[in-house]
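The first chain written gets the first letter, and so on, giving A, B, C and D; residue counts start at 1 in each chain.
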Amino acid sequence: MSTNVINVFCQLNYTIVEPTSFVFSIAPAKTDFQQLQQEALTVTPYTPVEWVDIGDYGSRLIRFQAQPGTLTVEYRASVQLMPVLMPAAPLEEIQFSALSADILPYLNPSRYCESDRLGRFAFKEFGQLPMGYARVQAVADWVYHNIDYLPGSTDASSGACDVLIQRAGVCRDFAHLSIAFCRALGIPARYVAGYAPELNPPDFHGFFEAYLGDKWYLFDATKLAPVSGFVRIGTGRDAADASFATLVGEAAMDSMVVSAATASGESLPDNGGAVSSATQ
Amino acid sequence: MSTNVINVFCQLNYTIVEPTSFVFSIAPAKTDFQQLQQEALTVTPYTPVEWVDIGDYGSRLIRFQAQPGTLTVEYRASVQLMPVLMPAAPLEEIQFSALSADILPYLNPSRYCESDRLGRFAFKEFGQLPMGYARVQAVADWVYHNIDYLPGSTDASSGACDVLIQRAGVCRDFAHLSIAFCRALGIPARYVAGYAPELNPPDFHGFFEAYLGDKWYLFDATKLAPVSGFVRIGTGRDAADASFATLVGEAAMDSMVVSAATASGESLPDNGGAVSSATQ
Amino acid sequence: MSTNVINVFCQLNYTIVEPTSFVFSIAPAKTDFQQLQQEALTVTPYTPVEWVDIGDYGSRLIRFQAQPGTLTVEYRASVQLMPVLMPAAPLEEIQFSALSADILPYLNPSRYCESDRLGRFAFKEFGQLPMGYARVQAVADWVYHNIDYLPGSTDASSGACDVLIQRAGVCRDFAHLSIAFCRALGIPARYVAGYAPELNPPDFHGFFEAYLGDKWYLFDATKLAPVSGFVRIGTGRDAADASFATLVGEAAMDSMVVSAATASGESLPDNGGAVSSATQ
Amino acid sequence: MSTNVINVFCQLNYTIVEPTSFVFSIAPAKTDFQQLQQEALTVTPYTPVEWVDIGDYGSRLIRFQAQPGTLTVEYRASVQLMPVLMPAAPLEEIQFSALSADILPYLNPSRYCESDRLGRFAFKEFGQLPMGYARVQAVADWVYHNIDYLPGSTDASSGACDVLIQRAGVCRDFAHLSIAFCRALGIPARYVAGYAPELNPPDFHGFFEAYLGDKWYLFDATKLAPVSGFVRIGTGRDAADASFATLVGEAAMDSMVVSAATASGESLPDNGGAVSSATQ
């Protein structure tokens, strides 16, 4: 077990036109693999907030009503990561007949991961590869090599099939396409939103997990940041379940600052194994 | 509380080409609103099966491995329904800021319910209507009046947007489009697969639930069968979560028989209120 | 016959990164219904251009190679319009069996007008209406009333089905959806790009023509400008055939100015009839 | 010049429910490269037909009205092919700036060839290849190797992007995807419908042409039949322009027989060059 402390920060600035309900998913989840040493949330002007636990993976939403005017949400935390590093080679795909019931939904297609349409594509590209961790890594590598990382090339309605056609996307698209391929191959996969040190430019990050052996393992098809430094915020079927901000009302985001870095200031080592940081 | 006993039956016949893993979702869920008086499952040739509880709504999967040859799965049960009938008028939509965390995911777009793309459509058609139960009923009525029930017009990859464009679909499509509209309006909605008496021709049925007040209420945009007689099998975000049969291997379905009827042989009365039969 | 002189102008500014081939479709077509009194094209820095006649409707392309640096293309013309005004009521739809061969392709679906997918939608909305000019006008009115004119809501890959789902678009989208409905109804329809006086803000405009009786008649579902003042540039199956600028190379548009106005400075009268200004 | 005589035949059987207008595109085009030695059309019951010349490539439509009852359309012809065989190596792609105006529309995206969405895909796969005939052949080879020929995998609304996602299709889909790639690369390409000897099972065939040097050359990504034996019926932007049968009314096709074979009974030699059989 390696231990790392990551300092995360975000500041989100809005102009509120009409009374607006916000839900922010910006605080790290509380899991066995990441502990909050400290956190601080400031909403300006002062607004009482509700912290809402959601889902089975320790995620916490911040919910409140904002009145017309300007709004600044600032969050910072120090998170101790305790990812489990495993030798990758022995991690096996689990047969459909042996998957536990709570894992099965992560084989289903979702809004942005249309695995039902990609069965033939996935089997043509990855069907003959050795099964297990290496095959999921091959999926992520394929996405890395075949899709251009191109900010602005996709929007909120783009799914894995769109990304595959246009061969461009951003982190969430890389994750969606990887997830869709995994599910098409019969490998449970899900989306994770979080913070990632060494991301340049800094931003929230989207990556994915695949279920191998009896755990979820982290993967990042963008190769933009070391997986062992990822801080989990939200977990879901795809990005539809893990938006950083959801609002009902009328408001415009004016600017956003995100940062994440090791407390030590040192770069994270590139470990040679599989990283599991999921709660089950 | 009304009580009704519904007898359900299905027989599914396959030719298995290679060893195949099956998961069937054909047994009624065990909930506070429906109790099994008796059930019987026969797999021919004899095959040991695993019953798997899944999800939070009492659903049960039947899982087993089948060997090459013919396969017949026959299931029958008597289910006592205890739906709660409520006066519809007072049932209100719950504000985004007041929804409990476990309900929030049912506002998210899903594979077959692309609510993120239908916001303007939904608000143009339903935005000015009185909120609450009546608005959900208006959505279901709109779908009923604007979409043709046309077997064969859609396939397993058809989503709500496809159905809206082509103005035709089957029960699952009617449910998907209704769900997508509800979510776009800020009303949590989800898919239910089940048995329905008086369906002609008999088949499995797909319908939907919307969350109003503090409960889930049943709706059926097809108007093909009385809601108070619906027997819940699976519950999910959309039909991707509630397939009657999922298989990994190589097998072909040869034929299927489904039936559902009141034990009394009488027709179900058309009640004048809202029907809740969900577990929470 | 009414006569109107329209002064049109456009200025397009580019930064050329690598040698780039341009084709501009910005000069009014020469047809029996519009005559050029004068026109002037200035390309800065000076570049020899080729004028290319294209298609059967008098359209003319401007083609040249541009070298790295800045590029300004400025075009102005005075165009005398001689649209034929017809009483709308007697204009009939022509039966499929009586359409001449050169009209038949305008019944086929095209890139942005997926009429093959919209048959049921079109017949549900317009199938019971009296046939003829009034039905095409009903199509345009429906689009006007049901689609929001919203700059930025669509992009170069948006087709009629996308526009119908999201209920928003710009002039080209209004035309595409109208064309798709017409074709689905068996009425030949095509896209026209041009200049339009009284457009606010001024821009190029996209509208459509339907074939009735033995002529093409102009329609504009945006109702943003009087049809009798439209100056035809390009004619095609949809906007794919009538781009204002096509380029092969690497260049970025920095700014664009478009204007069109009656030479007299007076507003165009709203005539009460159908307007034909097509050449065929 | 090689000369080959191909005997073609088709029989189409319908049940007409209501008076129906038919247009059949089943007769070989009359071009410089294929001459009809004889042809015979029989419509049963006897119905007067209209032969309609359409387009610039010698195509001829057969149009008539059919009354309720059964309908059989039988067509046979002997066609002398005079394809021009050219050495493939010297055939060059023509720069955008040098293409003649009548060729330009074949660079535009069309209903089933969404080349506008496939630019990055095309350049990633084919952008670095030597330009000219070999690059078009590489496109056709890529489609052949990456798409499964699978009857029933697509329908009348499937476009090149659908085919690319699902990696399966039939002859028209192979042509559409090839055309879309060519156009995305800046190579004019179009669809051809026709007869092809040695097709097994016999059927109408769909293939494509690319414009190289100063002529159109035939390609077939399915590799199901020798190109030098192809008999052109219709030519268009995609299959939307070249349906074998179009009807307005209500009728159902009951059965269809198609055949094509060399008059000599011998197989066609596999020539080693490029085949041009287009009229311009």
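One rule holds for everything that comes next: a contact is a pair of C-beta atoms (placed from the backbone, for glycine too) under 8 Å apart; a residue touches a chain by one contact, two chains touch by 3 or more.
This structure is a prediction, so every number in the text was calculated from the model and none was measured.
Contacts with chain A and chain B are shared by no chain at all.
In the contact between chain A and chain D, the residue numbers used by both copies make up over half of all numbers at that interface. Between the Cα centres of chain C and chain D there is a gap of 30 Å.
One simple way to say how far apart two chains are is to compare their mean CA positions; for chain B and chain C this gives 47 Å. In terms of their C-alpha centroids, the spacing between chain B and chain D amounts to 45 Å.
Of all residues in chain A, those that touch two or more other chains are 117. Taken together, the chain B residues at the contact with chain C in this complex read 117-118, 120-121, 124, 146, 148, 161, 164-168. Of all the residues in chain C, the ones that touch chain D in their complex are 21, 23, 52-55, 61, 63-65, 95-97, 101-102, 104-105, 108-111, 113-114, 116-117, 156-157, 186, 236-237, 240-241, 248.
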